[in-house]
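The following blocks contain the structures, represented as structure tokens.
Heads up, the next two complexes both have chain A, just with different partners, chain B and then chain C.
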Partner chain A sequence: MKSHGTRILLSALKYIAIGVFVLWVLIPVAWVISLAFKPYAEWRVSYFIPKNFTWNNFVVLFKSEAFVGIMGATAIVEPVTKPLVNSLAVTSFSTIIAVMIGFFTAYGASRYNTPGPFGLFFTLLTRMLPPATFVTPIMVYYSNLRLLDTHFGLIMLYSAVTVTYGIWILKGFIDAIPIEWEEAAMLEGATPIKTLFKVVLPIARPGLVVAGLFIFLLTWTELLFALVLTNVYAVTLPVHISKYVGAVGQLYGPQAALALIGSVIPIAIGYAIQKHLVTGFTFGMVRG
Partner chain B sequence: MPEKPPREVKYLATLPVNILLNAVLIIPFAIMIYLAFLKWSPAMGMPWWEAPIIGLTNFARALGDARFIAALGRTALYTVGVVAIEFFLGLALAYTMLGDFIGKKAAIAITIYPLMLPPVVVATIFYLMFQSYGPVNNLFLRAIMGEEALRIYWFLKPDTAFITLLIADIWQWTPFMFLIMYSALSAVPKRLVEAAEVLGARSFTIFWRVRMPLIKPLIVVALVLRGLEAFKMFDYAFIMTGGGPGITTETVSMYIYRTAILYTDISYAAAMSLMILAMIIVIVRAFIWYFFEKGR
Partner chain C sequence: MPFLEIRDVSKKFGEKTALKNISLSVSRGEVLAIAGPPGSGKTTLLKIVAGLISPTSGRIYLNGIDITDVPPHIRGFSMVFETPPVYPDRTGYENIAFPLKLKNLPEAEVRRKVYEIADLLGIRHVLNRKPSTFSGGEYQRVALARALVTNPAVLLLDEPLRNLDAKIREYMAVWLKQLQSKIGITAIYSTHDPLEALTIGTRVAVMLSGEVMQLGEPLAVLNNPVNLDVDDYVSIPALNIFKGTAKAFGGKLVINIDKISIEKDVGRGLQFEEREVMATIRPSDVSIVKTYQPGTLSGKTELIQYLGANALATVKLNYITIRVIVPKTVQVSEGDSVYVVLDPRNMRVYDAQSKQRIDL
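Showing the complex of A and B:
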């Protein structure tokens, strides 16, 4: 058995290791938060607490103006309002579609084995393959259908690539519902469809919420598809961020403010479904 | 419950998902296979279905394309590097946090913070961190190297630019490994560990001989899922380095994107996509066999 001294040393080491990791996570975040509230004169200093606190970096993001004269960066940047609204709309609609379709498919898979094991694995493929390999044909296809730079096109694509998560997360929830409840409803004379909507759907509601929030998180963060398929009209927030950070040069303050705006919703959602994150990211292969 | 689904449930369970996946993914996929054998670019002024078929030329071109091979090698190096580091860090962290300690809930909540951020935001964060007057130079390296540190331009040299990408990925995705390893290690039955302790096994032996074999399947899942994600890497390089300096940090995803969008060489991009897809499908198939089918 270990002596008293070694045990104290070990537990001290443990706290130090955890402390170092916590700092490693927090310092970059703290730097971005501090930059977002610093005026131009303090962007290149080494301290974290702004001396002259300002909201200006956020205000600038919502104005359409040419940044001439700030550090020689000249660029005309659209206000962030439109990308923000686009992202909210596209993400909400595609999440609802993916969750509803995922729910029906998961019910079939859980109770009747409908798409068959191969069909279910096929849906996994849509998520495991790199999006970049799908970009080329989808761009060609959408340009033939005149769906480029439309909300509808983005919504359909996002529902298709996230429906997998809907199926796999909800399958886990539906598997846990006792089958006897449905049988009882059917003995009472309910049709299978009525059983599905009146018995299974209400019980599975927590699952729908978790799947929905998780899919919302994923869609909200997606860059590549939106970058290729949008141009002016349907630009989403990640695309706006990528344009802002790449092209505008060294506008550190507004860039940091934009990063904060982009992370508010995903962080709120992430902590709301903290317990289910493992299940989500691993398609239910690992229970959280 | 009846074995055969009632007709209306069967339609509801299979039709919507089939329509969605066929309309949005399968048809474009079929188009891509055809495109890969064509010589077509929108600049040729004809629709793709009228373009000339040139057989396997695009695939041969990819095999002889030094930029493609370099991007493939770089992406593979990146994938292996980040997955290995994230795995060991995540496992060590999960093991350290296994017992009870003061502030455990807060420590876990902070640890998983990066996981929820959009990759574009993480890229922005590290773009700001690695500026020449950013805190990495101005705070940490300056304390070691003095004023010299302010003249380090991370994004202007291929090696240091590549390192910034690795750091961004490790920062964001170590929590992913941590979460899976943590839930795996917590699920190991306590009585097994206690039994080994009673028998006098040292904690390293317990870890290696009792815990590891039990969490091995989950390790495989974590490594494969993370590996597939890392191989897709686009966002960090696109925002932080732009693939640069030059094309020295370009990943496969970026090269395909540029071929299709900037150079509008659609049929060549389709051919490269198909080759990457074939490679990955072989890997995923092996994974599914290993994890779901072996021993059943």
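Showing the complex of A and C:
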């Protein structure tokens, strides 16, 4: 039997360990939030609460002049509107494509055992290689195909490298749907295609949402491909964020402000769809 | 002419034989119960009748017309599966209306039919709820409503009550039987539980490892199993099986099990030399008494299991162990000395090799 004192000590140690971990995770986030509202003079100081609270970092992001300067710090940066729209469009389209192709492939894999376990495993190949190893050949191909700095090029690449997640996540969901549920629909007059769209697709919706959110987040934060493959026209948000700190200037404040905007969007989307994440996980359940 | 006829159907999955020369027929308005342990091919057979699987050989006839190659949705059958097709993402109403909407019926007619069947099955209160809020019985009834709403020619029920707990299963089996006699639908009902099959079926087909071993009225199957496997399958609790020898002559059948010799009266025509047999008796056909009476066998109770209305005692005789149903009125406890009453009339004798019944 442990003494009362030992138990308090153990409990205190537990909370200290949890506290350290929480700080480890949250300090960078807190730092970005704090920096976004600090004026230039406070960017390099260590306290979190801004002494002179300012919205200026956000205002600067949307200024139309190419030359952005806040007192001592300067950089040549375009307004954030275009990269924001680019990122939303590229990420949304490639997510939808990856999830839909993933769904149909997963259905085939689950019900008809195509393309075989080996083939299915190797769809992961695009994620096994570090992207840095194949970004150069892709740049060469894209240059020849005139896909450099285009939305279409980015969407194609992003959906190709994330489709494997769609396949694997959705295969789990489709495997959990009893085949009898489809057979019942077939008995009642549904063609295989109708069964797929009217039975499997709606029941697998939570899976589509999970896969979609996961792929959206991956694509939304992707930097390397976008950095190499875009220049002016199709620049995405992560690339744009990186431009505020470069050889010519260190605009930490606006960079943090943009990082905050870039984080709020997926958080808002995740929050909006969270009810789909929870509901529907109970299928296959028959209670007595 | 039978309404539905399964003629000589076999099915192989690769090298494995799932069904072997199945021939069954169902008359209009009849419930044919197919009873068999898990893996005996019941589901495969029902799926072949439904058209979801095609047989390796053999044909299916409906009203004398060969429907073996007719696609499932044209056959006009319905099937309730072990995992009932109640889709979790839609309400009870939407689930029941699903097959009608596939047929593009007008909304008003869909509504009328769904309410009609819901009233018949007593599930009007679940129409606006999602399946996650259903109880087990409601879940099954929604599945059944969905199967019945299209007014199928034949209703195929594949272990529909399997996932329910014992009490609800018992209630639902009786409810199903009453519903069937009310609407008079033709049905094939498969189950792993022999008692459920006997309760629900007009006739019962006992199916063991892909073959129909016996087909008949419930009581005939229960009282006159044709071979050892059927006897073993339909007996609950598990059958007492003894290895021994037997010979028949002059209207007597003499069964020797170790040192015990039992005489049974049989027809005068039955005659065979001493041969190896399996003699069986059901625990419910054996009784025990606490004081010695002539013709009883002395033993010691080793184990008592409680079954509810009565208890099951495992009694060790000299060389053999026998399981006996003990009524509540007899008080026995483990370790008691008891006397077992074996009524020869309740014993059945099967050939040790062929397992066929030989004492008739």
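The rule is simple: the second predicted complex is superposed on the first by the 248 of 288 C-alpha atoms of A that agree within 3 Å, B and C clash if a C-alpha of one lies under 4 Å from a C-alpha of the other, contacts with A are read in each partner's own complex, and residues count from 1 in each chain.
Please note the rule applied: a residue touches a chain if its C-beta (ideal position, glycine included) is under 8 Å from a C-beta of that chain, and two chains touch if they have at least 3 such contacts.
These figures come from a predicted structure and were not determined experimentally.
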Q: Using the touch definition from the top, say if A:88 reaches chain B (first), chain C (second), both or neither.
A: neither
Q.
Between chain B and chain C, whom does A:96 touch in the aligned arrangement: first, second, both, or neither?
A. neither
Q. In the superposed arrangement, does A:33 touch chain B (first), chain C (second), both or neither?
A. neither
Q: Using the touch definition from the top, say if A:194 reaches chain B (first), chain C (second), both or neither.
A: second
(Q) According to the stated criteria, A:209 is in contact with first (chain B), second (chain C), both, or neither; which is it? (A) neither
**Q.** Touched partner set for A:183, first chain B, second chain C, both or neither
**A.** both
Q: Quick one: name whichever of chain B and chain C touches more residues of chain A.
A: B
Q. Where on chain A do the contacts with chain B and the contacts with chain C coincide?
A. 183, 282, 285-288
Q: Give every residue of chain A touching chain B within the complex, in rising order.
A: 11, 14-15, 17-18, 21-22, 24-29, 31-32, 35, 43-46, 48, 97, 100-102, 104-105, 107-109, 111-112, 114-115, 121, 123-126, 128-141, 144, 156-157, 159-161, 163, 167, 179, 182-183, 191-193, 196, 217, 220-221, 223-224, 227-228, 238, 241-242, 245-246, 250, 252, 255-256, 258-259, 262-263, 266-267, 269-271, 274, 277-278, 281-282, 285-288
Q) Mind pulling up the chain C residues that touch chain A in the complex? A) 47, 50-52, 72-73, 75, 77-79, 81-85, 87-90, 98-99, 102-103, 132, 134-136, 139, 146-147, 150, 163-165, 168
Q | For the chain B and chain A complex, residues of the former touching the latter | A | 1, 3-6, 8-10, 12-14, 16-17, 20-21, 23-25, 27-29, 31-32, 35, 47-48, 92-93, 96-97, 101, 107, 109-121, 123-129, 131, 133-135, 138-139, 142, 171, 175-176, 179-180, 183-184, 187, 218, 221-222, 225, 228, 231-232, 234-235, 238-239, 242, 252-254, 256-257, 260-261, 266, 269-270, 273-274, 276-277, 280-281, 284, 288, 291
Q.
For the complex, give me every residue of chain A touching chain C.
A. 178, 180-181, 183-190, 194, 198-199, 202-203, 205, 280, 282-288
